[in-house]
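Next come two complexes built around chain A: one with chain B, the other with chain C.
Right after this comes the complex of A and B.
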């Protein structure tokens, strides 16, 4: 049964024709509106009053502050603006949560390198859950195929496309490791990226200026940049979102794995761990002595990637 | 400020603008060509604005390219003004004192280009206000980029205010009060070193990038800047001496040559030391250097560039050191141009891009700039040259008027 499974390529599954990009974008919409062709603009979905409202909302959005400095009222206001904008732009109802970290929770992740067989269901689930750009095939989670006898990720193949598992090979997943001493956080000139009390390293997409210094500072290639307007098929959009998580990003900002903050803060597993067919992915609360992650850390021989850099990742590898 | 001060300030600005735009057909043609490149850059930037940074050759692996390379190089050009300021103001070197203003104004132009290169590289330039302390959030002292914002803008202010004060006094045919500007001159000397060291620390401070994470990077930045900067100043002075009535003594060129040679030799020694460390016992950390000098996993787009840079650096340093033409313009200026271009390639192509290759996950991709990137870069360089020209031209008129008046005082 295992042998008939192909490594799944998430970007192959574009069914819906409508996407965030092909839907009337703000720019093209404004252009049409400015040209004064009201009829054409009407054809784009919403009327002129929608344009005025959109401009007003965007104007207010432009002047909002960093998420961490917002009062609860301000958070509520920006969320309702963003939800309204999604409604105008894409005719979609999205829910953007600002759920705070749970007390006495510190998230940790462990990856079993002797179990993973490289199916990449985790990758596909992540792409879908986190509304990742399909055009550039953005992936937060990547799986590398390594030959037995080596542990150096650079010797692995992160672009394999063949039947898995391959004999004499093993598989290693990488993503943002949510370092306790994260070099990316130190690098950011505007404090647009930080570590939440539950250990999740997040980006305020609306505060990031897109200088990409964090990207240069990350030793694990954990960050992705929006080089163009992200393209997400609207039919596949995950509508349950978090302000610091899977809400739609804009062009010119940084994004990254958030341990699926929109799921994990509600007590669910991250999409990758949920989707894994082999049980290679263990996620849980490091502060809970009865959690599975604590069991792994206590009973298995674990290691972390590039431990010599002193970044203190919250992501361990282990084997059976 | 009294009313007469106000009036003379207005006259100063008005006359400066008039002088900066006045010139023969050749001069107008030169300004026109620069403007053409600026328009080209503006057009390319409009393309980048509508498509996003996807219009560039950068990617998630090589996430900085031509813009940041040129930024880094030009910080060095700006810092190099100190090689005139230091001897002119501290050692009271008369020859260099006469041309120090040109060095300072070139630094202003270089800094404007630096800031422009940062701006065109940003994903969200309209959100750049998030950097401004007070209304934004400034991650200082943690982020070296925050430090860089401070030192670059501070240096720009120092190099604008000191020449502006001196020129304003000379315009009004009076001697500037040394007590007023000397503290700022000393500050700007320390500041010049700081802009290039801080810019080096941007890269040097990242353990994620072993190619940059090297304590020699900062000193080598300074050495290469103090070679390339005086070489460029030499060329600018040669142009000024040829095309304007402001004549420059041969001794000035000789002094600049010696400064450039000493810095270039120190730069080459440090380059040799780096190359030795990378290749004597190569480790995984040597892979970027391997990619740069010999290519890696079938990718070798930078190899011809770096060998060209090293060869012409070496050739130019030898020519400038041995000085076979005894400062003859036909030997001196081509050698200075070679040195400048060699360091530009070495810094521009050979420093930023290979730092990203291979990626931390070991992946190798090549980077080559798109036409959009190249045109924007040309536009920014043209803008900087334009600004420098418009600043230096009135400055020289003012200096000549002042020198004439001083001379008549001494004779009379």
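Right after this comes the complex of A and C.
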């Protein structure tokens, strides 16, 4: 996989370079035209003003490639542009990381349905960590309240708001399951979503065209669509971001749980697992036989949702 | 004879065809279930990753933790230190050699403690867990002193299943990091030892209807 990527990338890039060189006259014309207007707007000599700089950066952003085909320098360039744009727009210093997956790591998640009490601390933590749009009340995690003995999620109540836990009920959290054989990836017409080597299914927000095919393909309702430009209180904005994670999404693109890629690639727990007051959420490396997640898989009765579909999710439910 | 031979040939052709189809079908099935699906990848990963996973951003165990007096499947682990979180530690400041005889001392000093540990009409006595002689320590059923930082040793006497799960990783929580030195929360970080059952409360937030 890695070797293929290494060997394939330069080829593709040279290819794309060649194609841009041959069919670039219109682009270069436009580029110079815009730069010219930018200079005019910014006044001569004294460098670019805020709006002109923003236009210039946005212009360059518009022509960048798919994240997977970017060279490290291209990644660095786009990150610095995005950080600068955030500075201009929100007057905030954000750090956007492009940290690569850790070798020999495959992330997995387990959820204890006999421990969860339905407090929804995880939901709140996720909204805050991932800079989710407050206006549309987007949430990646949903907790269903089910009667004892019921196993069909459709009979659950996903919008409860009363004192919890309720007697004779249990709680079941649902989010993106990061399937190994993910239908959303297969459905994407622009290859804007893929599975990273550490198992996280990610979206390139700048490559997504917002067709929502993936949303229709996902049997778990794991994906969310941005109906608005992000509406996040600036004081609550998480500034430590990842290119494939919690950076601010534009209107009209898909997003979803990324196992908090900005945290987990640094060795930290995802925000939901960190916030859980009952310890119902277990997260770890599936390739490490000593990890907690492997202990759960080995010693507990586990099941996965809609396993018969063959999506091979990396999210298990278990009970004590 | 000729007819027989012909039919034999036909049979052979038929057999080989069916076996071919069967093989193809099996192959397709194999591909469908994916021999590098998650379960197979997990089963293949029998040994700890050869080069120990090193992530530069993961710190050593937090300073306020202490090495557990036991090990888990992956070796040593650490637990959160609890003593400094106890408001009036050391207990011997009041509970010295002499018996404290102050009016309403119990209400003043420990009025916040409500004993809801154990069955409704059979609550545990203070002495069940607290060392009668040396108040800076807990005591096991066998009368051995247990440090407040190693409270899990005490809880595990009765709640041995939970302790087993806690050691393995199916109960309780790691602090902050999935990687690096494994550091767990102590039992009393989440459970009030005097009233261990989680209280009913309102959820932190709510979810809007899906069809909105």
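The definition used in the following text is that the second predicted complex is superposed on the first by the 272 of 320 C-alpha atoms of A that agree within 3 Å, B and C clash if a C-alpha of one lies under 4 Å from a C-alpha of the other, contacts with A are read in each partner's own complex, and residues count from 1 in each chain.
Throughout what follows, contacts are C-beta pairs under 8 Å (C-beta built on N, C-alpha and C of every residue); 3 or more make two chains touch, one makes a residue touch a chain.
Here the structure is a predicted model, which means the values were calculated and not measured.
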Ask   = Is chain A touched at more residues by chain B or by chain C?
value = C
Ask   = Between chain B (first) and chain C (second), which does A:92 come into contact with in this model arrangement: first, second, both, or neither?
value = neither
Inquiry  = A:227 in the overlay: touching chain B, chain C, both, or neither? Say first, second, both or neither.
reply    = first
Query = Which partner does A:158 reach: the first (chain B), the second (chain C), both, or neither?
reply = both
Ask   = After lining up the shared chain so the two structures overlap, which partner does A:295 touch, if you call chain B first and chain C second: first, second, both or neither?
value = second
Task = With the two complexes superposed on chain A, say which partner A:215 touches: chain B (first), chain C (second), both, or neither.
result = first
Inquiry  = Quick check for you: in the superposed arrangement, does A:118 touch first (chain B), second (chain C), both or neither?
reply    = second
Which superposed partner A:55 touches (first chain B, second chain C, both, neither) = neither
Inquiry  = After the superposition on A, what does A:142 contact: first (chain B), second (chain C), both or neither?
reply    = both
Message = Going by the contact definition given at the top, which residues of chain A touch chain B in one complex and chain C in the other?
response = 142, 158, 221
Ask   = Where on chain A does chain B make contact in their complex?
value = 27, 62, 66, 69, 136, 142, 144, 152-156, 158, 174, 183, 186-192, 207-213, 215-221, 223-229, 250-254, 309
Task = Show which residues of chain A lie in contact with chain C when the two form their complex.
result = 102-106, 108, 110, 112, 115, 117-121, 123-124, 127, 137, 139, 142-143, 158-165, 180-181, 221, 264-269, 273-274, 276-279, 282-297, 299-300, 310, 312-314, 318, 320
Task = Would you mind writing out the residues of chain B in touch with chain A in their complex?
result = 50-54, 56, 58-61, 63-64, 118, 121-128, 130-131, 136-139, 142-146, 149, 202-203, 206-209, 284, 287, 355-356, 358-363
Ask   = Considering the complex alone, what residue numbers of chain C touch chain A?
value = 32-34, 37-39, 41-42, 45-51, 53, 55, 57-58, 72-75, 161, 165, 168-174, 176-180, 185, 190, 198, 200-210, 212
